[in-house]
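Next come two complexes built around chain A: one with chain B, the other with chain C.
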Partner chain A sequence: MKNISNLKEFACTPDRFQGGHRLCPGCAHGMIVREVVNATEDDLVISTATGCLEVCSAIYPYTSWDVSWLHIGFENAAAGISGAEAMYKALSRKNRLYNEDRNVKFVAFGGDGGTYDIGFQSLSGATERGHDFLYVCLDNEGYMNTGGQRSSSTPIGAHTTTSPRGRVSYGEKNRKKDLTMIMAAHGCPYVATAVPGSKHWKDLAAKAAKAISTAGPTFINALSPCTTEWKFKPEDTVEIADLAVETCMFPLYEIEDGHKLTITYRPKQKLPVEEYLSRQGRFSHLFKPENSWVLEEIQKEVDRYWEYLLRREEAGV
Partner chain B sequence: MATPKEMMSTWDNIQFGAVLPSFEDPEKKIRSKFNSYNYEVADWRVEKPVFNRNLCIDCDFCWVSCPDSCFIVEEVVNKRGKKQAKIVGINYNLCKGCGVCVDVCPTPIKSLLMFPEFVETQEALNKWPTKDNK
Partner chain C sequence: MAEKYQLKSKEVWDGNTAASHALRQAQVDVVAAYPITPSTPIVQNYASFLANGYVDGEFVMVESEHSAMSACVGAAAAGGRVATATSSQGYALMVEVLYQASGMRLPIVMTVVNRALASPLNIHGDHGDLYLGRDAGWIHLIANNPQEAYDMTLCAFRIAEDERVRLPVTTNQDGFLVSHTAQVVEPLDDDTAYKFIGDYKPLNPMLDIKNPQTYGAQTEEEWHFEFKATQHKALMESPAVIDEVFAAFEKLTGRKYNRVESYKLDDAEIALVVMGSAYETSMVAVDKAREEGIKVGLIMPRSFRPFPYNEIAEKLKNIKAIAALDRSCPMGAMGALYNEVAGALAANGESAIMTNYIYGLGGRDTTIEHILEVIKETNENAKAGKRVTDLQGFINLRGPKLSFN
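Right after this comes the complex of A and B.
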């Protein structure tokens, strides 16, 4: 496992995910992927589900990936990576000299659409079968590559093209699916949440290094602020991610062996959700007087969930 | 049988079960000509970040936050004999001008600032704010 202790040393890593891709300026996908692939020195085999990341990082004749990379469908990043992993296992069994140093690791990337929704069957299956891989969900809370439709990750109140705000609508009405907990319930040896950026860089890089070196299926849900569809200025990406953590809208924690929960960052003082929501155009309608009850509901739910995490950590069960 | 890395000699000669190593030539750290590193997105920019080496404290916040792998790093050895990164510049072929690096730069007077694309780097450095007018 790569020792990730200080940024000055980490920054000596030659990038394995290169620039020149066509993700929007300020897109968090690029930040997250760089950190994950730079968090290990092992050889990597990666599959990427269709979505902004896949489409923008492999435009003919170029590739942004300095690793073995598999272009796969929208729904089967986990199926693809489990097939590759099974092949390596089979080849190693047949021939002891093949892959003797055992330094090939398997990682899948998918958007929230490709993970929470359409790819969930393949992810759940690969996890249940116990393949040795890390799955990273780039959670931008919507189907952004096709113009910003809602997904089961879209939070309450968010405007998307298929949960539009209007005279009678306050945007998305269903609560965000709690996928990280669902993955923990599979009994994964390691699951975690993470955000990109300089404040929590070590949290993400250390989680990625730990997940990659852990045997068996592991999962990281990384919040990926989307400047284009969340409607904020590109330079604010890192600030928005930090606010998601400080307001506890997206708490940072990890769960080992399906049950042992550790909160990896505690805000000194939990900020009101408005600090996060008011910075994004997709929530601007919530600040009209008739929607103030939605803000209250969001705050209540965030408080309840944070309390649940604290108590669960304390209980250690 | 060779290890996965050894099985991948050249692009058009990949053996079953090979794994692509980082860099086409890992020894010399040379990237494939099909790596997007060799593509240019400079024309996406209206403003560009300018880097002021004199103010930089090498915290590397910009390096870790840049979505486009733009920061050019030189590996140096510090007083305690440990390797560390020194930021030496920005790859303007890859920079899209998002401004994230400027936003995260923590020095009291920023070591990175956005300037209109047409402003020459030296001109930008001459205009840099000082303590009194930041």
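Right after this comes the complex of A and C.
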């Protein structure tokens, strides 16, 4: 793990993910990626699923990636990285590595669409097979690259272009799939949630470093506030991420060996969900009187889930 | 180091066994595969080679063919020898990634055991899968028997990995008729086979982390066309390398392969175009027809892609009537072989009376008698100097006649 003590130092570390990419100003994807790829001294081979990160970071003849990078398709970032990792193992065994002296680690990035939905099978397979890689889901709760359609990560009540609010609709009707727990259920040695930003950047960096140095398949679900589709000001990205944590809409925790759960940040005082929801245009309709019941439901579910995490941690099973 | 496998100078192998031994002898670094009838034994044999120390690469038993080809892409981009096997629905599930593999110019070898595509579900041989991958940017080589399945697979690695080519290659053999039919095969010993293929030659490997590589970048209007045209040109120019590899193989084994195979064409007045195991059935039918005085010959593109236009036109230039036999249902057109051969002739200022036959779908038998009938119909066209038979007919189809005119 790199020893970086403050944000200023972090901002000056040699970058494996260069600026000049075409992510929207204020996009959290770039922040998360930069933290992950700079969390280790090891060399990296990266695969990325089709999505905002991919289309914005390697537009021929340019690339933001100063490490080996592969993009195949939308649903196969995990399968692709598993093949690269298998090649690394094969060449090590056959004494044919290109750089004998270097230690190579494998990381895949996918959006929530490429991870929760279309790429889920590929991720589940690569995880079950035990490849040594970290998979990071950049969870912006929708298909943003294609204009903000719903995914199975979209939370109840969110307006998206395929679950729009309307005269008789309050937006998304289904609850957000609990992918982090599903990944833990694979028995992964390490699974965690994380957010980008100034308050929790060390938490993310530490989790990324731990995941990369852990042998076997590891998974980080990183909430990635999307200024364009969540409808908030680009300069508010970090604040939105922090509010997700303070309201417990997106709690920070890690799970080791598929079961040992640790909450890595406990809000001093859990804020009401409205503090988070009211800051984003995608939830604005929930503040109409006829939708107040949706807000209540969301709060109830958040409380229930937080309680579940607390008890699970306490039980230590 | 992998153990050597002691092979006899003559083995009795079916096509699957033959292909598996070729993969073993190539000492592939990563095989990522998923089982499907009739290519399953290739995957099983490979697992058993691994379990017994005859291969020492990685064998990634993925959860689908989509992931099989995706892992092959990741492995090949990482920088080493990669192969897989599939059939039919598995091939169909791979299609998206077939294009991605060839677009990244990755020299993956895939041994395909050809089988029908559902629906209705059918596990038997036809060329539906091969035709589905026609435009995917792969070189497609055809093997008509187990010996050829072995030989083509060895050649495939050398062609794919040549720095002038760097394209993925499939070797195709008919489901069951070749894959599950044991015949005498003369293999090379392990060292000779490996030496023929040669060591893997890295080109832009991702694992050379001192020289980071970007694979699968985004290109829009400014660059996509240039990439695809360059890729196409590499395919169109690959015949020079294919010919070289076939020549080297002949020197080593005495077995001569050509991008266009033909039989008794020299004095022929009519010809059949046919690919796969039916080519061998047709050889017998040609001999019989010749006993009856019909001057008929046979032709087959051994490389279905790149399609050998000029060579085919040259060989067919004095032929009066041609029947193209396609083992896939074209669904609203003439079969691919019909179209390619007609195009090849037209491009060279030649013409012949051409008919199309669809045969063998879902493993339907095509016998010597059936082929004889096709030869006779084609001969009628030649004698009449115009087409007097159906434009497109079905061989050995039951029920009402469904031919098209």
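The working rule: the second predicted complex is superposed on the first by the 298 of 317 C-alpha atoms of A that agree within 3 Å, B and C clash if a C-alpha of one lies under 4 Å from a C-alpha of the other, contacts with A are read in each partner's own complex, and residues count from 1 in each chain.
Heads up, the rule we're going with is that a residue touches a chain if its C-beta (ideal position, glycine included) is under 8 Å from a C-beta of that chain, and two chains touch if they have at least 3 such contacts.
From a predicted model like this one, the values you see are computed outputs, not experimental measurements.
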Practice task
Look at where chain B and chain C land on chain A after superposing the complexes, then choose clash or fit.
Solution key: clash
Practice task
Using the touch definition from the top, say if A:L97 reaches chain B (first), chain C (second), both or neither.
Solution key: both
Exercise for the section: For A:I81, select first, second, both or neither according to whether it touches chain B, chain C, the two together, or no partner. Expected result: second
Practice task
Using the touch definition from the top, say if A:F17 reaches chain B (first), chain C (second), both or neither.
Solution key: first
Exercise for the section: Look at A:P196 in the shared chain and tell me whether it touches chain B only, chain C only, both, or neither; answer first, second, both or neither. Expected result: first
Exercise for the section: State whether A:A185 touches chain B only (first), chain C only (second), both chains, or neither. Expected result: neither
Exercise for the section: For A:E128, select first, second, both or neither according to whether it touches chain B, chain C, the two together, or no partner. Expected result: second
Practice task
Once the structures are superposed on A, label A:G73 by its partner contacts, choosing first (chain B), second (chain C), both or neither.
Solution key: second
Problem - Single chain C stretch clashing with chain B - from 5-13, 41-49, 95-103 or 203-211 - result: 203-211
Problem - Residues of chain A that lie at the interface with chain B and also at the interface with chain C - result: 43-45, 59, 61, 63, 66-69, 87-88, 91, 97-99, 104
Completion exercise
Within their complex, chain C touches chain A through residues 29-30, 32, 56-58, 60-64, 66-68, 70-80, 82, 96-97, 100, 202, 205-210, 212-220, 223
Practice task
Over in the complex, which chain A residues touch chain B? Could you list them?
Solution key: 7-12, 14-23, 25-31, 34-35, 43-45, 57, 59, 61-64, 66-69, 87-88, 91, 95, 97-101, 104, 196-198, 201, 227, 233-239
Practice task
Please give the residue numbers of chain B that touch chain A in the complex, ascending.
Solution key: 1-5, 17-23, 29, 31-32, 34-41, 44, 58-71, 73, 75, 78, 82-85, 91, 93-100, 102-104
Completion exercise
Within the complex, chain C is touched by chain A residues 43-45, 47, 54-55, 58-61, 63, 65-73, 75-76, 79-91, 93-94, 96-99, 102, 104, 121-122, 124-126, 128-129
